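Labels for the chains are A, B, C and D, by order of writing; each one numbers its residues from 1.
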Amino acid sequence: MKKLINAADAVVEDALHGMAAAHHGLRVDVGNRIVYRASPSPGKVALVSGGGSGHEPLHAGFVGYGMLDAACPGEIFTSPVPDQIAQATTAVDTGAGVLHVVKNYTGDVLNFEMAAELAAEEGVRVATVLVDDDVAVEDSLYTAGRRGTGATVFVEKMAGAAAEAGAPLAEVAAVAKLANARSRSFGIALTSCTTPAAGKPTFDLPEDQVELGIGIHGEPGRSRVPLATARELVALALEAIHADLPLSGDLLVMVNGMGGTPLAELYVAFAEVAAQLRGRDAFITRSLVGNYVTSLDMQGFSVTVCRLNDELTRLWDAPVQTPALRWGR
Amino acid sequence: MKKLINAADAVVEDALHGMAAAHHGLRVDVGNRIVYRASPSPGKVALVSGGGSGHEPLHAGFVGYGMLDAACPGEIFTSPVPDQIAQATTAVDTGAGVLHVVKNYTGDVLNFEMAAELAAEEGVRVATVLVDDDVAVEDSLYTAGRRGTGATVFVEKMAGAAAEAGAPLAEVAAVAKLANARSRSFGIALTSCTTPAAGKPTFDLPEDQVELGIGIHGEPGRSRVPLATARELVALALEAIHADLPLSGDLLVMVNGMGGTPLAELYVAFAEVAAQLRGRDAFITRSLVGNYVTSLDMQGFSVTVCRLNDELTRLWDAPVQTPALRWGR
Amino acid sequence: MDAALARAWLEETARVVAAERDRLTALDAAIGDADHGTNLDRGFSEVRRAMTGSSPGELLVSAGSALIRKVGGASGPLYGSAFRSLGKALDAERDVTLEAFAAAFEAAVSAVERLGRAAEGDKTMVDALRPAARALARAVRDGLEPREALDQAARAAEEGAKATIPLTARKGRASYLGERSAGHEDPGAVSAALIVRALHTVATRW
Amino acid sequence: MDAALARAWLEETARVVAAERDRLTALDAAIGDADHGTNLDRGFSEVRRAMTGSSPGELLVSAGSALIRKVGGASGPLYGSAFRSLGKALDAERDVTLEAFAAAFEAAVSAVERLGRAAEGDKTMVDALRPAARALARAVRDGLEPREALDQAARAAEEGAKATIPLTARKGRASYLGERSAGHEDPGAVSAALIVRALHTVATRW
């Protein structure tokens, strides 16, 4: 294993020191592993998110004006713990309440649940939205349900914009739920990833195969198929999404890299998405191409689509100023 | 070789289609391989850059308000050709003249030189700045001199800001030269990279070694040393830079990923830079952490330092709106 | 069970989890995200440092809190709640009978099932814990010696873990794999069996 | 040399460059950026498509322009200028003598040296081209037959290329490696020798 680190168990802490040094718009509590906005907007509903590390820039890279008020990074691929989340929640509450944006993984759900109870004991009103956009996972009442992946960026951006505009907690939560309900993702891996603790790739993937329907933790996907062109891989992703949520109307499309894929290849994939949607009743009116929700050094990509309406478009366009997403300021 | 592409010889063109679809602030002439600003500022000095592809977001990702007016991508790791550059130059000239920002590689230098001659024949005033910041290469009158790497981002940003503010060609060129003269870089590779045409890694690097003093084309570096901690690798990079340009005063520091290194690791490296500069007479007043000047899928990083003065700080802070760098708008 | 035995159990669990860390992580790599061993090792190291109390109940509650504080992931809240429920059910009793322990163990397993919304057959730690609870209750009913009773509980847990191999996961991260999760032993079921076995190992007297 | 021979030379060069593409790229991978073969192959494919003219001079100028238009990199402008200088020096002459060709070749090599600011010993294509120019001039002075003269020129180029192996590069991308560039043959010197040899191959009559 080759990594630019000091020690496998120091990555999260060292990276937080780096964020603190690089971003003066953030206030980083390295000991408690909480990344705060340095100058929060007074009186507004606060947004807190978090999850395993290894998905950078998610979540700490989305802390700032118009998006999150605090992020709680866990160990690599491991959800944060209740005390940490509760502390962040209590700290950012202005009295207007706090929205927890939680990716639907058992660990994240349970730890955020416990944190919400602890924060409620301190008198904080907490609402929670579960992000579960990954169509690679069968949606069923009898299972853990779908994973949360790329749509997290949309939910955090749109709900953050609503909060910044002064919407009350219930409304901010409703925006978050709407953004999630209208979004779907599908991911494909060309290679596995290597966690610093394990020191070797999580799964073996032969040179001539790709893994379809991967998540963001290096979990194996639903099936393997032979390595194919960007055109064919994008077609598989769009079909999987379309089968669940028909692709029509105004779309926000993200082609997201898993961390190890060159940007030029992500543009190649985006060109395919655009070409394959042409002629249908679907229009890409907003887009994002880059590494936003990653899996360490994994090579691969995911496509996330949100069916916009006027409100969501407006919230997406609203100013944002975070390390990883910035416009309008 | 596993790449998210349609064909090895279609990557550059397909990626340009993707950029065109993703960024409405760009106008992309795919046939001639030129990326223009969609709405140029009237009457100002124009900036044109270009170079081999495979370094994304450099250069096309820096086209936009406050930075480049056009970028000319060549084949992967191969400089663009004179006609292409001359066409871009002639197209963006408003009469105020054009600055060519050229990384100091024989190929780039020769092709831009020929292009400048062609453009001059069309009546365009062209000034050229050579970026040569890489201290890994010995600077000598008898060689090709130093390579241009990370400082290109600084030069394009600062000269772009000067042009946007209405400075005449000579002044924009002087800013570019100053930014280059005050900047130094050093890069380290953990892995090689694979060009689509070659289909296998450019060099072999054993699991327990890293390559010091790499450029951005997958060229081997100056020497190999055993894999070490982020702390030790950053110390090597800073020493190499400091030996050439003493690190003191206000600094702009970029920790740049080579394309395949997770963002969290780049923050680990940045934390080391910050820690190792502490206690010296040096202050990081501006910074950038991320993938800006890459080598396809290479894992590794480079450190670029610019000794700021008031003027350069002001030009760095000025608004910019490009796909890869955006603030203040 | 007195406080010394409760301590010994937690120490032994920490030792075993550290020793088996890489195996647990490897099991998790196959159908999860390759962190279960690291997670539990981090948690039980903290348990070792932080456990406090003069009764088994207090000690086990403090262990549960330490797990919740340090593990993260799915297993942190689940094992944390299990140990906290176990401890709370034992109250401040300084000398816990096997019967009281069996009842508390039942409460702990129910807490996991409730929190995880999981039932036997979902391919989770419940597939080891529920059979262990049943075996313990039966052993108490049958009037077995504590050591023998715990052996039967541990055996039931180990068999339960093995029996997860053919199952398709319905809960936790492995559920995302659908049918591809079949053919692998659930890491949480294996760690649960290790924990029950650790109690048997140290319970040379009760 | 007539127009047919000039065409034949360019065709043969295109064929050889395509055949040797991967070898040239592999040489460039060792001390450069692994694209020299791809670059020249792209360039000479364009030469084949685009060459035009009724005299050797016109044909060679059009070949040089095609290289400049398509190759990019360092070798594009260098070989482009070389062929353009060669062609220009031959003027519109329809039947070029070996003596005139040798003088034009000298002009072409000088153009490369000037543009590349390179001299013999810098470990570049000049290390093949300059000896070839020297050999050609000597052969003309000695009154050798064209085929024999071209063989000597090609041989000198090949020896020059070989002789780059121990050198430390001072120009081009290989110069960044410093002393690590020693021990490898320069890709541009090898391709230069291929181009001179291609002329010898087709020059069965002159």
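One rule holds in what follows: a contact is a pair of C-beta atoms (placed from the backbone, for glycine too) under 8 Å apart; a residue touches a chain by one contact, two chains touch by 3 or more.
Quick caveat: nothing in here was measured; it's all calculated off a predicted structure.
Novice: What are the chains that chain A and chain C both touch?
Specialist: Joint contacts: the list comes back empty.
Novice: Please identify the chain with the largest separation between its CA centroid and the CA centroid of chain A.
Specialist: In terms of C-alpha centroids, the chain at the greatest distance from chain A is D.
Novice: How many angstrom lie between the CA centroids of chain C and chain D, rounded to a whole number?
Specialist: For chain C versus chain D, the centre distance works out to 75 Å.
Novice: Could you put a whole-Å number on the gap between the CA centroids of chain B and chain C?
Specialist: From the centre of chain B to the centre of chain C is 55 Å.
Novice: I'd like to verify one number: the distance from the centre of chain B to the centre of chain D, where each centre is the average of its C-alpha atoms, in whole angstrom.
Specialist: 32
Novice: Touch graph of the chains shown: is it line, ring, star, complete or other?
Specialist: It is a line, because the chains touch in a row without closing up.
Novice: Could you please write down every pair of chains that are in touch?
Specialist: Those chain pairs which touch are A-B, A-C, B-D.
Novice: Which of the residues in chain A end up touching chain B in this complex?
Specialist: Going by the criterion above, the answer is residues 2-7, 11-12, 14-22, 53-54, 56-57, 61, 190-191, 207, 210, 227, 229-231, 233, 255, 259-275, 284, 287-289, 291, 294, 296-297, 299-301, 326-329.
Novice: Could you please specify the touching residues of chain A with respect to chain C in the complex?
Specialist: Against chain C, the touching part of chain A is residues 52, 74-83, 105-107, 110-111, 113-114, 134, 136-138, 142-144, 147, 195, 197-198, 202-203, 215, 217-223.
Novice: Would you mind writing out the residues of chain D in touch with chain B in their complex?
Specialist: So the residues of chain D touching chain B come out as 25, 29-35, 38-39, 42, 68-78, 115-116, 169-173, 175-178, 180.
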